[in-house]
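The structure appears right after this line, and notes come after that.
For reference, chains read A, B, C and D in written order, and residue numbers begin at 1 within each chain.
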Amino acid sequence: MSATDLKHHCGLFGIFGHPDAVQLTYLGLYAQQHRGQESAGICSGPPGGRIVRHADTGLVTSVFNPTLLEKLRNPVAVGHVRYSTTGSCQSANCQPLLVTCALGQVAVAHNGNLINAALLRDQCEQQGAIFSTTSDTEVIVHLLAKPSRLERMDHVVQTLGLLQGAYSLLIMFPDRIVAARDPFGLRPLLLGRMDNGAVVVASETTALDIVDAEFWREVEPGEAVIISQEGVTSKWIVPRGNVKPAYCIFELVYFADPASNIFGENVHDVRRKMGMRLAEEAPVDADQVVPVPNCARCAALGYSQASGIPYGRAFTVSHYAGRSFILPDQPARDLAVKMKLNVIKSTVRGRRLIVVEDSVVRGTTTRGKIGALRKAGAKEVHLRVASPPIRYPCYFGIDFPDPETLIANNRSVEEIREYLGVDSLHYLSLEGMLNCVKHPPDHYCTACFSGHYPMDVSHPVSKLAFEAK
Amino acid sequence: MSATDLKHHCGLFGIFGHPDAVQLTYLGLYAQQHRGQESAGICSGPPGGRIVRHADTGLVTSVFNPTLLEKLRNPVAVGHVRYSTTGSCQSANCQPLLVTCALGQVAVAHNGNLINAALLRDQCEQQGAIFSTTSDTEVIVHLLAKPSRLERMDHVVQTLGLLQGAYSLLIMFPDRIVAARDPFGLRPLLLGRMDNGAVVVASETTALDIVDAEFWREVEPGEAVIISQEGVTSKWIVPRGNVKPAYCIFELVYFADPASNIFGENVHDVRRKMGMRLAEEAPVDADQVVPVPNCARCAALGYSQASGIPYGRAFTVSHYAGRSFILPDQPARDLAVKMKLNVIKSTVRGRRLIVVEDSVVRGTTTRGKIGALRKAGAKEVHLRVASPPIRYPCYFGIDFPDPETLIANNRSVEEIREYLGVDSLHYLSLEGMLNCVKHPPDHYCTACFSGHYPMDVSHPVSKLAFEAK
Amino acid sequence: MSATDLKHHCGLFGIFGHPDAVQLTYLGLYAQQHRGQESAGICSGPPGGRIVRHADTGLVTSVFNPTLLEKLRNPVAVGHVRYSTTGSCQSANCQPLLVTCALGQVAVAHNGNLINAALLRDQCEQQGAIFSTTSDTEVIVHLLAKPSRLERMDHVVQTLGLLQGAYSLLIMFPDRIVAARDPFGLRPLLLGRMDNGAVVVASETTALDIVDAEFWREVEPGEAVIISQEGVTSKWIVPRGNVKPAYCIFELVYFADPASNIFGENVHDVRRKMGMRLAEEAPVDADQVVPVPNCARCAALGYSQASGIPYGRAFTVSHYAGRSFILPDQPARDLAVKMKLNVIKSTVRGRRLIVVEDSVVRGTTTRGKIGALRKAGAKEVHLRVASPPIRYPCYFGIDFPDPETLIANNRSVEEIREYLGVDSLHYLSLEGMLNCVKHPPDHYCTACFSGHYPMDVSHPVSKLAFEAK
Amino acid sequence: MSATDLKHHCGLFGIFGHPDAVQLTYLGLYAQQHRGQESAGICSGPPGGRIVRHADTGLVTSVFNPTLLEKLRNPVAVGHVRYSTTGSCQSANCQPLLVTCALGQVAVAHNGNLINAALLRDQCEQQGAIFSTTSDTEVIVHLLAKPSRLERMDHVVQTLGLLQGAYSLLIMFPDRIVAARDPFGLRPLLLGRMDNGAVVVASETTALDIVDAEFWREVEPGEAVIISQEGVTSKWIVPRGNVKPAYCIFELVYFADPASNIFGENVHDVRRKMGMRLAEEAPVDADQVVPVPNCARCAALGYSQASGIPYGRAFTVSHYAGRSFILPDQPARDLAVKMKLNVIKSTVRGRRLIVVEDSVVRGTTTRGKIGALRKAGAKEVHLRVASPPIRYPCYFGIDFPDPETLIANNRSVEEIREYLGVDSLHYLSLEGMLNCVKHPPDHYCTACFSGHYPMDVSHPVSKLAFEAK
């Protein structure tokens, strides 16, 4: 799948107790830039002091500069990179949100998607709340701001109990950071420690690596970890025994960086295993295994290793791809493929190729790449996809396009094969995929592939629900 | 007084029922740019439809472009130019604010300053409200959003009754615009009509002129004018008989454009009369009356006319003055004066000059200009200021600097004369000033000159009150 | 005349022997920004060292910043602001030009226009020269670069002798600045001295004032002043006795800053006298004399003083006029006037006005302003223009539009009066104008008014001659 | 080698006779962006008409936009991407150069480096030439512009005969394009044809592929191909029999895109063979072969295939690497590596790795990468470099750093091994390398590895020779 087919969602980073917390958060966000390219933001403050914020649309490296980072310098910080799942791309929707309320200042950064946001928002509005963004994260902030007789952290945890859907959250108060994960653990969230004792929270371990933090443990599904000068304590959003994980398997298939460990294992290893399994499920006699750049390299390696068919290189990738430039009056999609990839004709000409993809969403760019290989003289092209067909919407933060634009929607594998113009096509089976991961099959959410959702999704909201209101 | 000594505050513009409402609002804001240069914004919508918004920091001409205006195209619009009086210059503080609440969408544009904003905000927060800006306008929005059993417009008017201080307000709902003015009428707000029947609201008549609207009438102090497809109706925030005007006399002295009519009379005429009165109060034998550019031309003309001493020109003004560029290692203030003004030496050399100023705040740039005249060989320099010394803070929206930096704070006129380096110095008297305006003396707020405030200001808030919290 | 009717041409500044030469050149260019707004550039170097350069399109304050100025820091500098008279607005056409040739590095800054540039360029090309800009200044550089057995300064002066037309030139070598003026002295060029002995060259005295330099003397027509560590010496381009001045009278009428002294007298004084003379030549019974902003204030003051009719103010000027923004589907010209000027209706309504203009080129914006006064209720409008009708092209650096777009081209004064919609119209007579200046009438070039050119112009080149080639 | 270690030099593209010539040139430059990232430019014109130009510093996609391309629309175009080999990065140095001279308009785009540029420039200057850039390409233009009695194309070819060094050149006249290559053929240059008969010239075949042009043939060393409406003809710069090729082997080792064919063979194939040969020359017992991203993938594949040791993946690459952002007070080089690469720890931990590099210049980033693998727990790290040590400067357009910063300068392989911190280190031998390419060994320039230069380089010029003058 091409990086433009499916934009990633959000990445979180937080750190408590380091003189360079803001600079480290910048690096931690940078290392998770693949999780969100639309906006970036950091809130920081001294313990007990005033929280300040900078956030804007754009990449981490364009939103921040050394002067800004210096202005934000503080020992406590939380940051966010975002691709909007609810709420369109607007400056006001950048996260972390920072507000003042009866609790004082609160900053909130959210990865995931609430399925009862519209209901909660309506309740808040009826009680006098005003909403200035279209993000479901603002609902969380309003709930936190409600008057309560509970002790502050109990109030926070009770409030989280009202949320349904996927959420990995960083909630920053002037004196503490709360790192919370929904009871299904749909999105990753993990803790690290630095040499000086500072505690780090991040979505993926690549963010720990870049700041030289040591991986400590995952925030557990249903857990709210409270980090303050008193140390690290936990509270539970639902009784600990009631937690039943439903880790998003698509994080392993496509989203996370191969160098990361999430859900307890290395992403590259999982993908390589999926490629190996795919070779077992769907062998084919051919000359060369080639990955579709850039994502499918891990699975292609696995396929090659399991099949013994040499791993090769069919494409070079342009490092200078312009994002938005489209030439008028040209078959734009083909050109878009050409501007990203150059076919190595001498590798391809007259060869029987096994092309490995991690997943196929719309199929349009995959088709373009296959066409380029055909044009360069490939003798046979066999497509192997290291995950099952995507047929169902995700309500938990992955922004698949409309179901009717999914290539596997209402199409048989044979129809897809024909559409893509390949000699043979095989998808990895659901069991095959689940065989390659560490936890038991029922500990994953496979809804996009299987249609089995871990919770009732009969009243979900569309991404732009609040804007259309 | 130089334009950089005292930044202006805010300008409002609204229009109901014109196909080019947004384009006209752009022009109306442009014609009131002198009232606020930090940000500009427009909200627009079709009657009963969805309100959209664009606002950003910068001048009207840089915030908007034809493409953006076209995107906002709608028959109902409200706009705002802003210089922050509470709340620092941030993108989030740009107005109009646009929120969604139980009333649906509400956009609010505010000119003025509330003196009970901190109290009201605290109450809102205790009831669960979250604040995402540092502007006192957000308090108004929260009050409007509170649950109420009243009919919507009654609820709005009742809410306005809770506000203390200065407010000229445009409140836009999808089906109507409410134009409201505090019971003292501290800031101007007036109505116009266009040929096609569209109703226009603006702070000053220059905004009516540029869109070819005809002046209709002022929004009266304490009045809330409701403009909808059903026509124009009024409600009263306080019983109409209880209204006692306190028009801000500083609008006439300095703020408003000389081409405007506000508070029932032309600003240029008032200033010219002040200059004439000044000539009567403080005559001096001299060769030439020269204004300090650009503001004091009206008063200088009046002085010349009343005294019979020829009006002359001592300075040319740079049209290309860079705003932010400061040369290191140079006496910055002197250079700043030089970069804005060139002295016409041949006018000045050997002459006895009467220099007319509209008002003096800090005195630093006035001093620079006097110094330049001295250096160019002026024989005598007599400074005449067409308003009394400014000695007291304003709590109603004029952003005077800290009292201790006011030149007239704890200084006698003689001490000021010496500091400025002039041969003689006279300020217009308070009665003299009040003699030049149309309404009775007690219908004006003269607090910055006299210390007499039209309402209790024992608990006012500083500009950055909410930020320091 | 409005500032957009006629763009100014070029301004020069140079300084030899001051540690802050570059910073001072920045200020000197800034003070002459009215002479050219399209590009700005500075070349600097240590005496005998390497010349460096920065130049770009835009205003002085946007082309330079403190970091750039610091990088250029050197004790010798020449600078240029430009409005292109030959050569369109391109980055490559920015001046000073800096090249390397057999003479070493040479930087050239030019104000004026050569009438034999095409011929000289053709000769150079036949001898192997390549041209990379479309500016006539490049011709000068090529001539300077030609092999020569003469001593360097003799070669320079001999080369200048080949040029026909208007030129005030700064030629910078690593060890000296040559400041040269054509034998007619068409454009101003003058010398100043600073306290530390540094020698300054500038087009107008405002540039001396801003850097605290004392006016020394004009560079004389036909003189080449050579400034080096050895001091200041002169050479003559034509025998000194053959010099017959033809100072451009339009510099006095419109171009130069009123605060400047050029051609031996103060510009404001000249314009005021022209206004006085105009009052004598064309009196009219009226209530008020009002200038058309901003340029005609000097002449209007003179008219008022001579006539005894009070000086008034009919317009306020927007300080925030956006340059490029044009609203679609609107009568653009009228709106353009409205966006720059607000009419003070109370001054105008029912009054008989004498409107004073310095000059009228196309007449379109003047017409717009007159229309605005009419609409505001002026009873009578009498237009008085403080210079004669412009009827002939200028070949010496003033960029009048095509003759057919000049309002006075083939139109009688009565026809112009009718077109502009005024009750009466008078232009200052040619003798009247020449009566107000210091030197004898035949020492001025009045070609644009009279058609009498100081040299043969039968083969002049159009502005874009080299581009169309 | 990392892409920042050694910037590429220049890429050329030209096309004669296509209605979309400019748009195609944009694409052709884009596909050769890896050859130069500092500036991009296009000149275009109608046959016999006026040549227009746009060029600026920056990437192709930022220098051009659809509006600009449309403005340049013409059936003949030449383009250039540049990394400066002589002349620093300045707007004025962008290519193609476009000048006017006795021949009319001439545009020149150059890839290579002249070794007698200083001498030729000096001669030109003595004859009156002026130089406004610091690029050696301007020398070529001056020589072309010299008066000549020869027929134009003979004059061009004769002029090319004066140049010594490396040059692939596109010279555009209004009616023709001349594509010339120095007699050693140091830089690639090749011809393609489009369906409509248009003739294309490019540095690499990737540029033909993106515009759907078919490869025709190489421009031969010493050949000047003339493309006009009359068709394609050739002239010879030196007698054809005297040509002795010296193709730059570093183009094959590192510069060209693996998808390209240059010097008669595919780049990927050559590199794969070099990796295979390396495996034969320097086998080692290990668990995994991993490439250093991004360049060494071809060679690593070859090593894996020849050795039978599995190909693996040790790094993921950030797609969002910010170019210029450097954090203060941090070990910048290590951070720079971390910001580009994430180590896949689970691949690396406890493994014996063979790391394959294409070449090593300074060694600093290679060392950083090795360090990252060590830190991630690699048991052994064996470095294999698929080319010999770089020990000598290049005078023909490859911008190696100063010899003293080359890691192989005055260091034995053992010393380098120690510096890089690897368990073993082997470079491919010179014969080994030459064994992998198509032409006889003496048809390549291997000077950077061997010190044997194809021509006398006793008087070469440094990159900034003309600037320091």
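Keep in mind that, in the parts below, a contact is a pair of C-beta atoms (placed from the backbone, for glycine too) under 8 Å apart; a residue touches a chain by one contact, two chains touch by 3 or more.
All values reported here derive from a predicted model rather than from experimental measurement.
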Legend entry - Shared interface partners, meaning chains that touch chain B and chain C: none
Inset, instruction - Identify the chains adjacent to both chain A and chain D in the sense defined at the top. - result: none
Legend entry - Between chain C and chain A, distance of the C-alpha-averaged centres to the nearest whole Å: 62
Legend entry - Distance between the centres, which are taken as Cα means, of chain B and chain A, whole angstrom: 49
Legend entry - Junction residues of chain A, two or more chains touched: none
Legend entry - Residues of chain B that touch chain A when the two form their complex: 50, 91-92, 97-102, 106, 125-132, 141-142, 145-147, 466, 468-469
Inset, instruction - Would you mind writing out the residues of chain B in touch with chain C in their complex? - result: 3, 23, 26-27, 30-31, 33-34, 37, 59-62, 65-66, 206, 209-210, 257-261, 266, 268-269, 294, 297-298, 301, 304-305, 310-313, 315-320, 322, 325-328, 335, 338-339, 342-347
